[in-house]
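What follows is a set of notes on a single structure, which appears directly below.
Each chain gets a letter, A, B and C, in the order it is written, and its residues are counted from 1.
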Amino acid sequence: MATLVLPRVRSRSALPGFGFSLAFTLFYLSAIVLIPLAALIIRPWELGWNGFWAEILAPRVLHALKLSFGAAAVAAAINSVFGLIVAWVLVRYRFPFKRVVDALVDLPFALPTAVAGIALSALYASNGWIGAPLEKAGIKIAYTPYGVVVALVFIGLPFVVRTLQPVLTDLSRDSEEAAATLGATRFQTFRRVILPTLAPTLLTGTAMAFARAVGEYGSVIFIAGNLPMVSEITPLLIIIKLQEYDYAGAAAVGVVMLAVSFVFLLALNALQAWVSSRR
Amino acid sequence: MSLVIEQIAKRFDRFPALKGVSMEAPEGCFLALLGPSGSGKTTLLRILGGLEFADVGHIQFAGLDWLSLPARERRAGFVFQQYALFRHMTVAKNIAFGLSIRPRKTRPTRAEIARRVEELLALVQLDGLGKRYPSQLSGGQRQRVALARALAIEPRMLLLDEPFGALDAKVRKDLRHWLRSLHERLGLTTVFVTHDQDEALELADMVAVMNQGRIEQIAAPSELRANPASDFVAEFLGQNAAPGVVPLRTAATRQKSPTDSRGYATY
Amino acid sequence: MTTTTAPKMKRVAMKTIPILRPRAPTDDHPLVKIALSAIAVVFIGLFLFMPLLTVFSEALAQGWRMAWDALSEPDAIEAIKLTLLVAAIAVPLNMVFGLAASWCIAKFDFRGKNLLITLIDIPFSVSPVVSGLVFVLIFGLQGWLGQWLRDNDMKIIFALPGIVLATVFVTFPFVARELIPLMIDQGKDEEEAAATLGAGGWSTFFRVTLPNIKWALLYGVLLCNARAMGEFGAVSVVSGHIRGLTNTMPLHVEVLYNDYQYVGAFAVASVLALLALVTLLVKSVLEWQFADEISATHRH
């Protein structure tokens, strides 16, 4: 006796629980993530198209955006250089307390941002351990955009190091040995053989550090100074608008940040797909 | 109570894995599904085990409408290619699994289960290894644990998916002989998937040669050697064709091979 | 042929003193090694270690007594209780979600799987303040449901439910992200075997699947918890900063700091920092011991 089949969205499986787990997953995802995000995207439209752009392009908003993105970019760049060094040293060398250093790299992941914020603020203030000597040398960190950069370096470091480490570990020495037999110095080998291989991963890690830094609030708010048009970061601006009951304005700025995050997420995924297709 | 397969067809998206397969095998038969990759033999095996679902067709076994039963209820012992042992359980717990998950009413007592596990360990010649973990065993030992685990549920049929594929040559040969003698002892209907002609011809009572989702020929090994029904079968069995035999269907060229009176190989 | 001692000593020296050992072609020059290691250590020390040290030293700047007093103050105790309560709600919820999501993603094939995985990752890349903002937009006074909530005398924003929601949002992907790649890597062989042996759905899940993912689950729950207790930005937006009522520990830290009560602020911060250190410790132990059971795409 024949049994007919209708086209299915998925092939039948011998394991149970698909319907139930998928339904729950979708429900929870919608309730917690999708619907709230929809609220964010819809809200600015009550300003109308022109109102939206007027909101975004207001000087104070523009400045905050420039500060958030700019500082994040500088911090990400610093992290890409030093993060590479840290990852290299952790993977390739041996030295005392290496495991401690390794574990410490995850500190920004685990430490609450507010704790990091006040610690950095105290450290770089005029009477802080690092702030005092720097001030004598004429460099002021706390309450300036430099403070923002320092905080964002703290936040972003683990992203670069942790994305590089597995790749560095798996890097086969073959190509380095080949370069050596062909007469290259270690530096040449690094620049022309190792670095190109690491480049996509380094880029991914840096992009992740950047994305995280753009939206960072807690670690920055204490050290930043928060003067409008000088050292005011975008998330703070959102909060201020909320306190003024300017929901639509806050949402508009939020949408811009979200849009950038999305573009980054997509670019990141595309980059990762491209990298794994080359392997 | 033979195994009757009628017009089984299955596609994966656009790919037709099985294109209308039919056959019949007597109870207690050791049936080999032989063919190259992509021939559909594993798909057919998994359909028998309830791990895949046929699009069309009908299977009858042990007097039951086989396809209407979910895998859980078929009691078809399945031995996977990569063993699929529960890595976090000891050998003994692995073997006992099928018994320990039975509902209260039908579950044997702890002592009973332990006894059965001991019996099975002895049967597969792994006495004393009950407390080990799969990671501590060799490939051949793991395969025997997988077999013991499948036998623990007193299966109606035994299904083996290229069980010796991941093992080295010597272990394969030994396990082959051992599996055959086990079959002689237990008399369970067994379906065995392989791409290795030697294995199939040596072990099985009946061999179904498959190609691109169809059965090219199903017969006893001796018959296959003597009278391959198509060029494909002849070429696929190439190495095993009796020297000098040209595939013709005349009785006059039927090869003599060591068989018992029923025509089953007895290595 | 007479052998002199000089060449022999040289050979011994070359074998034992690291700097003199002949270098493999893929080894860096010893000076390079020292320089890079120094840079790495100084960088980590400066940017990571010193802030950590600051937290504890500032807390104890006026002695243990003062620090302890700050912690036993009623508002601080309420903040601690609130933090624990929020975590106790948010973490189990996200854990159940993580298990459900990874089960259907790893053990089944269906269209839209990759989209689902991407969607699950969204909260990870959203700014914390925006994470809080979205809930204000729905439940706040001028939000979608604002009027309705007011009429029915229910408070979400500036109350516990809002804080829980924001925390759940922010820690949403943590457990799922740990489990999904691992379960995909583990495949469904063992579950299929269990099915052929007669096991039903829950039986299979608890006896076969769960033991295989227990370390990754613990790892994910640990990270989820650390973030849930430490979340600042999102909670800051929805909480209203009502002392003794809607301040979690991180918010309390902020309140104290802005009030120039530095010892108090750092004392509470120390407790959070200790939590972070414990998290790091357990995380490291889990990674060293169970590396291949935690992540398929291997960590480090």
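Just so it is clear, a residue touches a chain if its C-beta (ideal position, glycine included) is under 8 Å from a C-beta of that chain, and two chains touch if they have at least 3 such contacts.
What you see is a predicted model; the values in this text were computed from it and never measured.
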Count the touching C-beta pairs: is B-C or A-C ahead? A-C
Please indicate the chain closest to the centre of the assembly, with centres calculated from CA atoms only. C
Taking each chain's centre as the mean of its C-alpha atoms, give the chain farthest from chain A. B
Taking each chain's mean CA coordinate, chain A and chain B are separated, in whole Å, by 53
Where the CA atoms of chain B average out and where those of chain C average out, how many Å apart are those spots? 48
Please work out the Cα centroid separation of chain A and chain C, and write it as a whole number of Å. 15
Junction residues of chain C, two or more chains touched: 192, 195, 200
Hunt down the residues of chain B that sit against at least two other chains at once, touch-wise. 50-51, 70-71
Multi-chain contacts only, two chains or more: what residues does chain A have there? 11, 14
Spell out the residues on chain C that touch chain B in their complex, using ranges where they run on. 189-190, 192-200, 203, 207-208, 211-212
Chain A-touching residues of chain C, taken from the complex the two chains share: 25-26, 28-29, 32-33, 36-37, 39-41, 43-44, 46-52, 54-55, 58, 97, 100-101, 103-104, 107-111, 116, 118-123, 125-130, 133-138, 140-144, 165, 168-169, 172, 188, 191-192, 195, 200-201, 204-205, 223, 226, 229-233, 236-237, 249-251, 253-254, 257, 262, 265-266, 269, 272-273, 276-277, 279-281, 283-284, 297-300
Enumerate the contact residues on chain A facing chain B in the complex. 1-5, 11-12, 14
Touching chain C in the complex, chain A uses residues 9-11, 13-18, 20-22, 24-25, 28-29, 32-37, 39-40, 43, 82, 85-86, 88-90, 92-93, 95, 99, 101-123, 128-130, 150, 153-154, 157, 162, 165-166, 169, 173, 176-177, 180-181, 186, 211-212, 214-218, 221-222, 234-236, 238-239, 242, 245, 247, 250-251, 254, 257-258, 261-262, 264-265, 269
Which residues of chain B touch chain C once you look at their complex with the stated criterion? 49-51, 70-78, 80, 82, 84-89, 97-98, 101-102, 149-150, 152-153
